[in-house]
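Each chain gets a letter, A, B, C, D and E, in the order it is written, and its residues are counted from 1.
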């Protein structure tokens, strides 16, 4: 399959405000697509439409060939789309381990009654349970979260919380990962780590990633392609270099081009 | 032999623990608050009483049936709850309390204000159960429900519930079917309340709608909130404390609602996790006293 | 001459985020100063800290207005002191009329006659608003709402006007109009502190500019200098002269998953 | 005909009382999005204070200022020391705190005033207007008349004063209102005082209307106010007033025509739940959610 | 967790003081000292206390002082069960007197019966209380009798031809009305309409407007004094002409306090005859007023009587439960009480007595007539 996610003519209005209008995106497997745009351009709305928190007003979203725009967020998650949030949205009163474990929810194949099977360190665990726990342990290991696995996430440092959120998304074993500003508010060092991890996810797991980020250096470095949107409309899509030089993008970020001439 | 008076206290303690747990499941795990749980207790009590009195069904069948009837109404409430914000859900449940009492009071079928009397004492091995046996039955049921709730809490369901409580949208993004799990929480919670109601009916042997008014709902909520929502420990200890303490301090009786009210205010303002909840001053103090259980466990892991 | 507003090395936590990590700034009386930066750099946080809108913040540092400390004071007192604030995203009160919105801008003032005169003055200034002064603000268009927000701030007769991204979400033509108005207001003697994402637009009217990244000012200078600085483009679009992250030596041991 | 008119007057009097009590709670909900249950406790406080003042001075004219002052103070204290601490928490916490406080207040009144109704008779209670079979009592005139006057006062306060403007602004966006110099906490305090004073007057009026004051007279109202609020569109003052009168009239006419097929409150709550399910923003609610 | 429960229960068992045995005669008592019926509860307690004073002043029971152990039942069934257990197990009382309404009394009755503790209901009027219970007695007139006597009185004394019923929705309200509903047609009274209302209702205006239209001769209104006061007052406001007939629920000084002038002309059936010539009644009324500065009501008198009956039975039969029960059951024409002679107890343990009818004049109950018709007053 050479198209993982296909978005055609996606529009979403809030009252009179056009948050998204006519967005088309095609995402190939194992690709990292960076989404940039000024504040309020509609980036997060795009994410919310993809994973079902908003229902688009018009347009089609196909994931692996299947239209998903009418499905609820839980169904979409089951199809293999995971996301993180701009402002950390963790289950603050639960432990790191439990947060990540909840990410495995979609892989719990059993119904509500058989779902009552126990899990826990000391308890009996069926084969399926053991497999889930193994995956979670691997993720914890991968992101270096051993030290905080039994701590309440509400009390963890900001950067670590961001990592836990990523770990939770990974626990879904997603084929498409939506990262909403994974580096916002992080220190330079944490950012650096995050870049490597995202790269790893692409290289080793073959996860396709859609990424919103404001740190341009980071986006440019890690994205295979970049989509720039403004006023809910895509203004440029292509390789980082090309997008960066696109006149509309320059205008969106720096203001009108001709204004520079008299000053220069 | 324990005097019957203590049997009575223990039986009421057990009933209160069940009620408190039922709030605990709903509010503590799934984050949905009910201000009308007395209504479900009433439904359970009436179902059980009417089955045994009017239809001569055995208590052992009537009690599960009461739980079932209660759970059915809970299911309905669960469906309604999906549409409501949390504080409006709270006043809807409160309204439900008034409505259920109103129906019991006015529908001739339910014996109106006269209530239902002459409820049979449960039979065991062909003879009437003694008070001691009944207390034992209550204790066994509490143990069973505690075990079941504990089981649920450690299961995927418990995890999903807590996810919903913490952040509904996010849980949904994680693939949790909110509707299904919320409704399930209502069903479990109201079934437990129904069992409590059934136990109450067959202990008092006579019930009227006035027994299940709104003040009782507040008391039930206080039991759970005081102990601390979200864990088994909190609701259970809260219920024990608030049932037994007033027996010791009979002089407090006159100030009972005053005390309950102020307790609710103070706990909610200064100790929203409850007295026995996570990180409350009591739990922390006990932990310190018994030498850092947390620390040891942390190292082992 | 002392600057009208002086921010000395403030640090602000916004919830968990260490949003402002030591920023200093001086705004001279009568000038337009622009704070530039991308999303999430902390621009709005600086204004909110200045206005006292973030509880218990700034964590460290001092803010002086007209030589007096204002950090840690109530927003009301700060506003009364002569600073007006136009929040991000045209936050007008949608279910109040245009006139009521303007009256609220003069909330800390007591002089009835002066207020009445100023309402008239603002309505003269923005004739579009005058036509709709009895309509709900929610019925105005985006540009009109932005004008109303600015007009509302002017009702306070501020010495310093703080604008948070006035161009946000407005069509380019409207943006030009708004900036024209800002310059006009400045010409009448109001000092302006402007937070903007749209760098060229802002620098075109500003006297001085500062660039904020990750809660720190990384570049400051006159507007003209900044416009020509190649770094400006770098900050916005990630052009870099040094090696990319791909080339860095990874300092953590790589772990394998599965 | 006489019966119809009498029911109309009875319903209007009931509606007036609902309206006066509901306004304070509605305003608080509009501003803080808090369901202020303890408001009914303030209302009872007003009734008791009014009675006390009446007993001490022998004139009902002193009952009203006493209730207004006492309740305003109480409302302010409730806000300052209770709600202010929890106003930014999840909405459930202030709700439960309010219920707890109301429960405690009810019991405190019972301890102070005794568990029974206390007579609150003024000399004019039995007089009234008689037209054939149609009777209007002085009490009904008093209640409907003073409610009308107070509602005009509320309208002026909310729509024509700077404070009212600040309330409406804070209700829409607290942060922006603060940003342009509205001292929100002070405004909330004022709002509590104003709403509480109204509730206090309502308490005195109810006391006079029924000729009795009871420590637990707030119990029904505390929860019924929700019905009025929901029907009136959650935080919408005009809607609440209309809903209050509608509810008062509807109750009276329903009971007059069909009797109590269910207790009064159960009927009201059924209406409320239906409205909540069908129109989660209330009958008159129009506020859009973005 | 289970351990914790067990531990808590054990702690409870160990810590509560076990009842001490004493050579005074302990009689238990419970009444709603708090809750919505607290006014009656307080009154009942005063009556019972006065009875104990009289008995002890009289030399106690065979030389032993009577000690009354009383608890608050909060007008809740659940609480009265706990109180019953406590009185039986912890306080080991000889007999118990209830100064409470039907609901708590009904809940507690089977417990006393099973434990063979003689139990007297003084104001609980529900027929089920003493039913098939050897140790439970009722000196309150059974509810339907009030209705019967009300109907008799309306026809014979007031010469009424038509009536409207206003029924309070609790057990008391519906039980008393049953008697009226059955008996009224037999006396030629036409029941025009029947309205019901919930306990605690304050606003009767819409119903009273309708009733005014129905234009009955009498209005049979069941209720307690709070409701009764509002009914009387609002009926006067609306200009209702019908005579209001009430029951012992009205019998409280509060009724006058709340409704003032509007009470004049209201007729009630009760069991306290203010004009009684019996020495005990006069002594009681005088002493009660002396101590509490309010006129005694029927609740106080009934509780007073309950105590006296219990003490008298113990005095004659000793402290064995069976003997006490037998002594109460065999009482005939017992005169030493405040509320008129207790003629006899029937097989179920319910008293037969004359029913005084009182009318309000100048805000006080005065005798109107007394019903002695055995057809009406026999349970």
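FYI, contacts are C-beta pairs under 8 Å (C-beta built on N, C-alpha and C of every residue); 3 or more make two chains touch, one makes a residue touch a chain.
Every value quoted in this text rests on a predicted model; they were computed, and no experiment measured them.
Participant: Going by the stated contact rule, which chains contact chain B and chain C alike?
Facilitator: Expected: A, D.
Participant: Which of the two pairs, C-D or B-D, is linked by more C-beta contacts?
Facilitator: B-D
Participant: Nearest whole angstrom, what separates the Cα centre of chain A from the Cα centre of chain C?
Facilitator: Going by mean C-alpha positions, chain A sits 30 Å from chain C.
Participant: Distance between chain D and chain E based on Cα centroids, please, to the nearest Å.
Facilitator: Centres of chain D and chain E (C-alpha means) sit 37 Å apart.
Participant: I'd like the Å distance between the centres of chain A and chain B, where a centre is the mean of that chain's Cα atoms.
Facilitator: Result: the chain centres lie 40 Å from each other.
Participant: Which parts of chain D, given as residue numbers and ranges, touch two or more other chains?
Facilitator: Chain D, residues with two or more chain partners: 260, 263.
Participant: Enumerate the residues of chain E that touch no fewer than two other chains.
Facilitator: 34, 169, 198
Participant: If we count contacts the way the header does, which residues on chain C are in touch with chain A in the complex?
Facilitator: 16-19, 38-41, 88-89, 165, 168-169, 171-172, 197-204, 214, 224, 227-228, 232-233, 235-240, 244-246, 248, 250, 252, 254-258
Participant: What part of chain B is in contact with chain A in the complex they form?
Facilitator: Listed in rising order, the residues of chain B that touch chain A are 151-152, 154-157, 159-160, 162-163, 166-167, 169-178, 180-181, 184, 230, 278, 297-298, 301.
Participant: Given the complex with chain C, which residues does chain D contribute to the contact?
Facilitator: Of all residues in chain D, those touching chain C are 162, 165-166, 168-169, 172-173, 175-183, 287.
Participant: Would you pull the chain E residues touching chain D in the complex into a rising list?
Facilitator: Those in contact with chain D are residues 34-36, 38-39, 169, 195-198, 200-203, 205-207, 209-210, 212-213, 226, 229-230, 233, 236-239, 254, 257-262.
Participant: Where on chain D is chain E touching in the complex?
Facilitator: Residue positions touching the partner: 2-3, 6-7, 10-11, 14, 110, 114-119, 121, 125-126, 128, 130, 133, 135, 137, 139, 210-212, 214, 216, 220, 252-253, 255-256, 259-260, 263-264.
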